[in-house]
Amino acid sequence: LYLMPADSPHPLLSLADYERAACEILDPAALSYIAGGATDEVTLRDNVAAWRRLALRPRMLVGVGRRDPSVELLGVRRPHPLLIAPTAFQRLAHRDGEIATARAAAATSTIICLSTFATTTPEALAEAVPDAPRWFQLYVFSDRGVSRDLVARAVEHGYEALVVTVDVPVAGVRERELRAGVRSLHGEQLASAAAAGASGEMTPADFGELVDPDLSWDDIERFVAESPLPVLVKGILTAEDALLAVAHGASGVIVSNHGGRQLDTVLSGADALPAIVEAAADQLDVLVDGGIRRGTDVVKALALGARAVLIGRPILCGLAVDGAQGAQRVIEILLAELDNALALAGSPQASNLDATFVMPAPWPDRSR
Amino acid sequence: LYLMPADSPHPLLSLADYERAACEILDPAALSYIAGGATDEVTLRDNVAAWRRLALRPRMLVGVGRRDPSVELLGVRRPHPLLIAPTAFQRLAHRDGEIATARAAAATSTIICLSTFATTTPEALAEAVPDAPRWFQLYVFSDRGVSRDLVARAVEHGYEALVVTVDVPVAGVRERELRAGVRSLHGEQLASAAAAGASGEMTPADFGELVDPDLSWDDIERFVAESPLPVLVKGILTAEDALLAVAHGASGVIVSNHGGRQLDTVLSGADALPAIVEAAADQLDVLVDGGIRRGTDVVKALALGARAVLIGRPILCGLAVDGAQGAQRVIEILLAELDNALALAGSPQASNLDATFVMPAPWPDRSR
Amino acid sequence: LYLMPADSPHPLLSLADYERAACEILDPAALSYIAGGATDEVTLRDNVAAWRRLALRPRMLVGVGRRDPSVELLGVRRPHPLLIAPTAFQRLAHRDGEIATARAAAATSTIICLSTFATTTPEALAEAVPDAPRWFQLYVFSDRGVSRDLVARAVEHGYEALVVTVDVPVAGVRERELRAGVRSLHGEQLASAAAAGASGEMTPADFGELVDPDLSWDDIERFVAESPLPVLVKGILTAEDALLAVAHGASGVIVSNHGGRQLDTVLSGADALPAIVEAAADQLDVLVDGGIRRGTDVVKALALGARAVLIGRPILCGLAVDGAQGAQRVIEILLAELDNALALAGSPQASNLDATFVMPAPWPDRSR
Amino acid sequence: LYLMPADSPHPLLSLADYERAACEILDPAALSYIAGGATDEVTLRDNVAAWRRLALRPRMLVGVGRRDPSVELLGVRRPHPLLIAPTAFQRLAHRDGEIATARAAAATSTIICLSTFATTTPEALAEAVPDAPRWFQLYVFSDRGVSRDLVARAVEHGYEALVVTVDVPVAGVRERELRAGVRSLHGEQLASAAAAGASGEMTPADFGELVDPDLSWDDIERFVAESPLPVLVKGILTAEDALLAVAHGASGVIVSNHGGRQLDTVLSGADALPAIVEAAADQLDVLVDGGIRRGTDVVKALALGARAVLIGRPILCGLAVDGAQGAQRVIEILLAELDNALALAGSPQASNLDATFVMPAPWPDRSR
């Protein structure tokens, strides 16, 4: 169970270690894009802090010699509850970009969600790493033809679900990026076929402006009707919207604030989750992302009713530090911590976790 | 939407940037006057912090391609909910003083509230910038003739409302000013016609002593009866007083603690607002000032029931940094952030915001 | 109203300024005795912090041209609600000791509570400063004869009330004193007639051991019966004990934790006050001490139902900085702040303050 | 009552002083083992902080000249409520290890709980310090024969109770140890007879892996049935598990999170205690450990319903600083503080403390 790599010169024992290492490696502009959030970054910081405001209620003497982290997701048994969140432009973190991430996904049986704004096309990824379980994340452009085309290519190349991101009708105000001068950075990544609606030199913000700000629940219903894949709506933070997702036929919602990059001072996933689970978890699958850094965070998310969790920045940090191997190691650390936490929380079956295992922490939030 | 001025050597992206820049530019005595608050400055700090203790509840997929920040204020549709708060002695911030502020107001269709203790007369401002929408702020002196004269001049020169400040029966204890030696500073500004009751060399504290400490609700009722302009009462922090404002005929109240400069440890505007809205918002217009620094703060104020918000110190910081242009830029930044926040909160019409968009934040107040 | 002494080289504007100045002047051993508290000093720090966790609810337009800080105490109208708390060994702070404090009391019409462990006898003080209003603080020794003798002398020399301290059955654990080596310090002060039960070289701790740990409510009842003076019980922190004070005939209780010097992690006066007022303020006078540093703190104490407040360490700091004049200045600052706070809170009569003027603060405790 | 050793060059007045001194003395690997906790050490820090989030409600004038710290534990009157917690490998702290600790126990009539992973055998300790009151802590190995043998030896050598630790089905993730390289450290201590199931070079983690992860409540019931000694279950954090301990015949539970070394973000003993006391204290003895550093902490634990408290790390710090004498001094300091706190809290009989003496603190948790 102990996690230290034998004779490692850099003992990277935790996801926090990978984050620190990535901060030293990445160039400032890429770092600002990967690490930054919206305006004052209140929500960005709180995504991590919110999980620590929950305490675990461990049970003893239940027999934990064999642990089983598997969960059921969209009706399918998966070996564990981790997914790789869709993050754009992964070549900013490492030259191998999404292909490396897919290798880490394949090695650990983790679903990778490929971003519309990936620096790899959906077909290139499927061909390079055919055994990576994969979902496709869709930004819906004002030009709906682009979106339909992307969905068709995803269906054709073995993507198993469609994640429609709905919290970017316009781009957030990301001052850290602006200060670091992200504007002039991405020339070489523009070959991305995912950026089918794009042309010439573009920035993350430019991509953001391709997205249709008038996307509506009717559009979601249309995607559900037209797509052979289950549709998950990503970016939901209220019970009201989770119920609308049910009403419009979604198979799941991903409780998310877009990594704190869109509207500052909205709730973290950890805090938004319970009301959404209560309202809608009996009708669709609820997933959550944002701030998951420890196995105990995963246990808490499942105990609160999430079926699975998505990991974003830590994967990029793993990529930055050591490419596919770094991303894989990040997942392995989290899986080892999850195994340990299941044993010590007295819930050897991940799928048996329920709300009795978690409570508001009596301690104050000591994060700065 | 991105806010960075092209090729700016000083990327002033936010109101906080302007505050920092102004701190470097202003001389210590002027800075102490502009930035300081009463005694321990508990309320001063909390004015900003309180807005961050509110979380936004954003709604998705409502169609936000077109945003409309307009609000109705005193029965009139205004293009946006920002006003420039009345602050005294603006030539302390920049030699162009209130004239520059009025230019910024005119350029952005923002109402400027001219202070009784302005370093410009009401008529000079009206003549210099006739297209600036303008209200007049009234300190009521023991010599009522001065006040009546000021009101008459304001009416004559196109001021559209009267803001009677009621939270300065005596001046607050402002140690920062005293330590910086504000006493010997304002000789040249004394030409101000607004200081009609004044003579010789005076300090801010001296001006304070002109104000009648025995001003009463009957006086308010008399101003309402005598003035052709709607009367707003500025400096209300309790529901009881808001109801008295209704009873005595006021058209509005401005929930305010005078920028934390009067009585320390009173509530911020953000915290005082809900009870006042609940008690009186169906009978008069409720506005709020204090600590508004982000577009999200404006959204929160409107969601809590304010019709509009007033901005004080950030305008002075804009003035200090770059005169009329700086003040204008401060307003433009806030309007751009407001536009972004309306889109991302899923309430494209500012006037449709309601209490479902805001909740107490689950995170701790991390401000120092 | 402004408080800055003209052309002062050391602008000591607030009680905090005097504390800082005293820290620089006092020798480390005396400072440790004056400034220190019990063990981890949790309660010591919280005495000051607790007042800041209360917010004021100011009322406007009530007419505050004339303020009246007077209060009724033990049936007598006093010009203001401040008392000088009994603190031992005041010559540790300044060579003039209690005589200087009495001069400050006389100059400001403030009641001085002379400590049993004063470095001046009750008669010497009465003779030196006959116009200082004065109460006598009694530690009850195992040798009851000493106590009876002290009371008789206090009665004879014009002390108007008896304050029996009940929270020192044994001395607190004061590590700061022990580290600073207070043990070898007090030789010269032992001439104190107050220390009638003492002989030879003694330390504060030695004095503490003279006090009878078996003092009981029956003793209080006996003092009430035997003494021509009203008896106040000092050191009460629960409603239960306040009701016992009523039952045993006390005229008042002083809500106090002995300046955080006795049992660590007990409540501050500010937090203990409301339950005691609710239980007993209709039957005896409730006073409070601990952490009062601002005029707003005094307003809050009165609003919560205290009749008066006692000031301890700030007086010693005033003494340390400038003898009688320093102590007087400390009282004058607090009175000026009180006057300002009464005006700005909209309660020009101190005796009209009630619970509607105060509420739990919405801000976090930012003290360290 | 004052605690300063005469003329001590190192005035170690408190348990915190001993902790600081031990940090300077211990080698980094041993320190990491002794001082560290699981992953982010949230629970480790909170163990100490949680006691400070409780306030004492002291009563006055009850007569505290004679204090009696004795308590009834497992039906036997003990002179005071302190026990020495079972901690492994005490020779890491000092070459005399558990023998020295037993000497401190004997000198202060404190029960020592000898760990299964002690660096001294149960019989060696009993022979070396026969007058130390002693309990035996049992880790149950997959090889049940080892456990039965250990119990038989404990019974034979005068151990009075059996403490079965149930919160180590697997070892916690202790990054501080891994970073300090604890792996290569314990060669010489392996002669421990307690480690009967072990062979060759082992680390703390290796020992952890001997423990049976499938230990169950049925095993507890079997130990109760087979053992002539009362059985306490150590590591309980929920009322549910305390009731199961009752149902399976345990004589007591020790509310504990294993010093924050097992699952991070579980409750401290202080916070877990009340629900367990409410559920089960009428049916078995409830003890608590974790973070006790002051006499006031002991008073709070007893007031919340614990019969006794266990002290772990401070004993090791005492050992590290000065062997048996250091451990003894740590206990004496805590007993002196307890005596002082009983007097000042107004509960001279420790066994009379109840929930009226304690309440949630109104102050914030200021620990970092």
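By written order: A, B, C and D. Residues from 1 in each chain.
Definition applied: contacts are C-beta pairs under 8 Å (C-beta built on N, C-alpha and C of every residue); 3 or more make two chains touch, one makes a residue touch a chain.
Not measured: the values here are computed from a predicted model.
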Labels of chains that are neighbours to subunit A and to subunit D: none
Common touching chains of subunit B and subunit A: none
Residue-number overlap at the subunit C/subunit D interface, same or different (half cut): different
Whole-Å gap separating subunit B and subunit D, where each centre is the average of the chain's CA atoms: 59
Approximate Å spacing (C-alpha centroids) for the pair subunit B, subunit C: 42
Touching two or more other chains - residue numbers and ranges from subunit C: 364
Topology of the chain contact graph, where touching chains are joined (line, ring, star, complete, other): ring
Subunit A-touching residues of subunit B, taken from the complex the two chains share: 1-4, 11, 13-14, 52, 54-65, 294-296, 336-337, 340-341, 343-345, 361-364, 366
Subunit A partner contacts - residues on subunit D that touch it in the complex: 39-40, 42, 45-46, 49-50, 53, 166-167, 169-173, 175, 178-179, 183, 205, 212-217, 219-220, 233, 235-238, 240-241, 244, 262-268, 271, 364-365, 367-368
